[in-house]
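First chain A sits with chain B, and in the next complex the same chain sits with chain C.
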Partner chain A sequence: MSVTLKALTRSIWVFHVSAGSCNNCDIEILDLLTPRFDAERFGIQLIGSIRHADAILITGAMNKKSVPRVKKLYEQAPKPCVVIAVGTCALSQHMFRDSYNVEETLDKILPVDLYIPGCPPKPEAMIDGIVKLVTKLRQGT
Partner chain B sequence: MSHKVIVPIGPYHPLQEEPEFFQLYVEGEKVVDIDIIIGYNHRGIEKLAEAKHYDQVAFLVERICGICSSSHPNAYVLAVEDILGGEFNMVPERALFIRTIIDELQRIHSHLLWLGLAGHFIGYNTVWMWAWKYREPVLDMFEMITGNRNNYAMFKVGGVRRDIKAEDIPIVKKALDELMPALDLFRGAVMDDPVIQARLKGIGILTKQQAIDWCVVGPTARASGLSMDVRRDEPYGAIDRVDWNVIVEQEGDVFAKTVVRILEMYESVRIIRQCLDKIPSGQIDADVKEIPPGEGIGRVEAPRGECFHYIKSDGTNRPVRHKIRAPSFMNVASNKVAAVGGTISDATITLAAVDPCYCCTERVAVINKSDNAKVMNGWDLIKLSQEKTKQLKDEIARKGI
Partner chain C sequence: MIRTLFTYIVFPGFLFSAVVGLLAGWIDRKVTARIHWRVGPPWHQNFTDILKLLGKETIVPPGRKVTFLGAPYIGLLGAVCVAGMVGRVLFTGQDGFAGDLIVILYLLTLPAISLIIGASASRNPLASIGGSREIKLVLAYELPFIISVVAISLKTQGTLQLSHLLGFQGEAGSHIASISGILAFCVALLCMQAKLGFVPFDASEAEQEIMGGVLIEYSGLPLAIFKLTKAILLATLPLLLTVLFLGKDTSPLFVVLKFVGIITLFVLIKNTNPRVRIDQSIRFFWGPMTVVALAALGLAIVGL
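After this line comes the complex of A and B, so read on.
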């Protein structure tokens, strides 16, 4: 396991991108940081700049205006960087699949490492997903 | 001589969870103009609604916005019931009460959410943590009643989908009792704190006349001295069976908007308690066979203001036209006067004070290229510049210099 990958499993700094979501997943992500779930005790922190990010949380149905910006943000992130798709919209575009303003799914744009389904996923589901991801990274798979 | 500088904020910035792009035109510290560019969340919901049948649209409009996710379905079912002859003529009594309970619970959670974010913006992270901590029991109540924390799927044409069980009512009442000390705490913390008063009073003032001119709605209007509330002006659900007050403040600054929201939470608790006491037994939905041709509107007081839905039916099982106007559409535009004249450090809280919800209000701008207009992005400009160099290079090479 490389040093950079090992470092990634501790104190994950997260950058949050909303690419055409309805706010619900975004609110639940913020909920993760507040007293009941308190993901910050594991060092998981939302940060303001993509250049400090270890992981990108992407929500939303990927509309035409946000897709080029999401690509640009991913290019700016230091690698290795984990891409996490949160919510059914990011996974499969949900009920917006037929919309004129929505084109391709997230996994056709970026390499997605973790899918968290739900509309919106519960904070427990997000914690569970991140634990699974870290376990896999530690096992080196 | 003053020098005008543009401060771009966004679209992906830590200020708000949703993407939106602000351009602040500043002279020194002072904001002289502001541009708000949206469209990063547009999903074409109005058009999608025309391809879904009436029962499915309720689920679709729920996903317009995750925070007011009962106001949009509520306004939509009111619009469809307007075609069918009015809510009060067809929806069973019990369903009306359940609708109001869900609506008011949502108002409490939305206002707590805003209070937390506002605290975060002015540097009171403790307020953020507290407000969101006390928001959790409200979400628990939602989970108990509706089965989900955020998207409730409670509304259907002619009634509601789920009943509130008799054994759940004491639990909700107890949770509301436990919420009251938290609300008292916030009222005390915000209204008596000299630092918060100094920070928020006189900031981002929207006068009564400006509020009328910019057509603001909801708590933003009520904080500017406009007494308007759809719940009072055009009652829906069981809101006219209970006793409550419209909160109005006169100052129009950020502090007044905060006070309005805090006091409204008390009113919501009062409404829910009375509804739980008065809720009658009986059916929760009416049998709706088909929607006749016609037009209908539905108005609901969402936590951010008036939410408006318009439905046109041609007698088939799908709406021909579905028009949505969310409250933030008017409120966000009022930043044009509220934020101008303040400093950059006050711009953050002023922009957030109207409780903007960009997901609700998203529009898409279509640029008509037919009249020889050309749209270029950064890469196009670089390409243009490189092409000119290449052209010059070729010319020079041809001349043989």
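After this line comes the complex of A and C, so read on.
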């Protein structure tokens, strides 16, 4: 695998998108950055601009308002860029499955690389998911 | 000719100062992490970040392509020139030229100007907010910084050459040992904090507020160059402060100790202060800081 891709797995800058979530997943994501779990040990940083992103972290059921915006955000991100779906809503719409406002799951809209289930997922589960993704990236190419 | 090129490109110019700056950036992140009671990133984290950015796609927003892509190099050029000029006086004992202090003051504004040009060329509203804040910040901190440098120059019989500053302090003792020297050092330290875009004065890059501000549209190689420029400045500005204020003993051990000490001061100021609004930082630099710098100037004229 190339050196730059290997560097990517050690320095993942995360852009956080809340596409209509109830905020619980977002709170757990912020927990991941607090001193207890300290994701910066692995070079994982939360950044503000989508142009700097290596991973897009998406929470929440995709409602009609947020789907075009999520698509636009993915187009604006520099590649290679992975998409991570966090929480049961983003994975399978959860309790919003029959909602008038929610049509498709996230993986119908974007190529999702990593699913982290849970309502909300624990920070440990997210770390586990990221480790699996990094292993997959290192072996896959 | 080859020696000059070597000075600016390898040691102590681009390569050396980039490596030292990225390591200093790691010290910054590690100390910050320890203050937060975290573990912090490994020592090679900043190198990994730069390497990763080289492999990313570079997206150019519609508009001024040449200006957008060229702007980072202007800042890098300025920072590398300053690194070479300060480093060769401090490390290799070369003489420099008459008036290189003035040239350095000019070159040090180039990174800020390149940020402003790049932000304006990106046509992003948040970037333009960041750019306008950067302009105001440059206008704010240049005044007290230049006054404090003039005070130091007056204390050294009006010389404007780095090697003379070093030579004078080597015989008469560091400038920081006098009252006017301490005042000027405090002013210059805070101005350097603003020049580096560290926390109390990082309104132009506010991550949480305007999403990276001036850097918002940059990705891939140009972003890596901006990060490198910042790293080189982080390596160079403490050395410049060492030459200006702490020039008594320039043996390698003492230079490293002074360098780490000044970096630690930067990091402590960064971690114990919240971000100030841009109008607050202008008021701070044109108010108290300018008064303190003028006091240092007055004391330097009297000879204290």
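Quick note on the criterion: the second predicted complex is superposed on the first by the 137 of 141 C-alpha atoms of A that agree within 3 Å, B and C clash if a C-alpha of one lies under 4 Å from a C-alpha of the other, contacts with A are read in each partner's own complex, and residues count from 1 in each chain.
Assume a contact is a pair of C-beta atoms (placed from the backbone, for glycine too) under 8 Å apart; a residue touches a chain by one contact, two chains touch by 3 or more.
What you are looking at is a predicted structure, and each value in this text was computed from that prediction instead of being measured.
Once the two complexes are laid over each other on the shared chain, residue contacts for A:Asp31 go to chain B alone; chain C is not touched. By the document's definition of touching, neither partner reaches A:Lys108: not chain B, not chain C.
Legend: residue contacts after superposition of the two complexes on their common chain; A:Leu8 is shown touching chain C, with no touch to chain B. After overlaying the two complexes on the shared chain, residue contacts for A:Glu40 are found with chain C alone; chain B is out of touch. By the touch criterion defined above, A:Gly48 lies against chain B and chain C together after alignment on the C-alpha atoms of chain A.
Of the two partners chain B and chain C, it is B that touches the larger number of chain A residues.
Residue contacts after overlaying the shared chain place A:Lys65 against chain B, while chain C stays out of touching range. When both complexes are overlaid on chain A, the residue A:Pro80 reaches chain C alone and has no touch with chain B.
For the contact definition in use here, the residues of chain A common to its chain B contact set and its chain C contact set are 35, 47-48. Contact residues on chain A toward chain B in their complex (touch as defined above): 16-31, 34-36, 46-48, 50, 60-61, 63, 65-66, 69, 73, 94-96, 98-102, 119-120, 122. By the touch criterion stated above, chain C contacts chain A in their complex at residues 29, 33, 36-42, 45, 48-49, 51-52, 54-59, 207-208, 210-212, 215-220, 223.
Chain A contributes residues 2-5, 7-8, 10-11, 35, 38, 40-43, 47-49, 51-52, 54, 76, 78-80 to its touches with chain C in the complex. Put simply, chain B touches chain A in their complex at residues 11-14, 17-19, 39-45, 47-48, 51, 59-60, 63-67, 69, 113, 116, 128-129, 132-133, 136, 149-151, 357, 359, 364.
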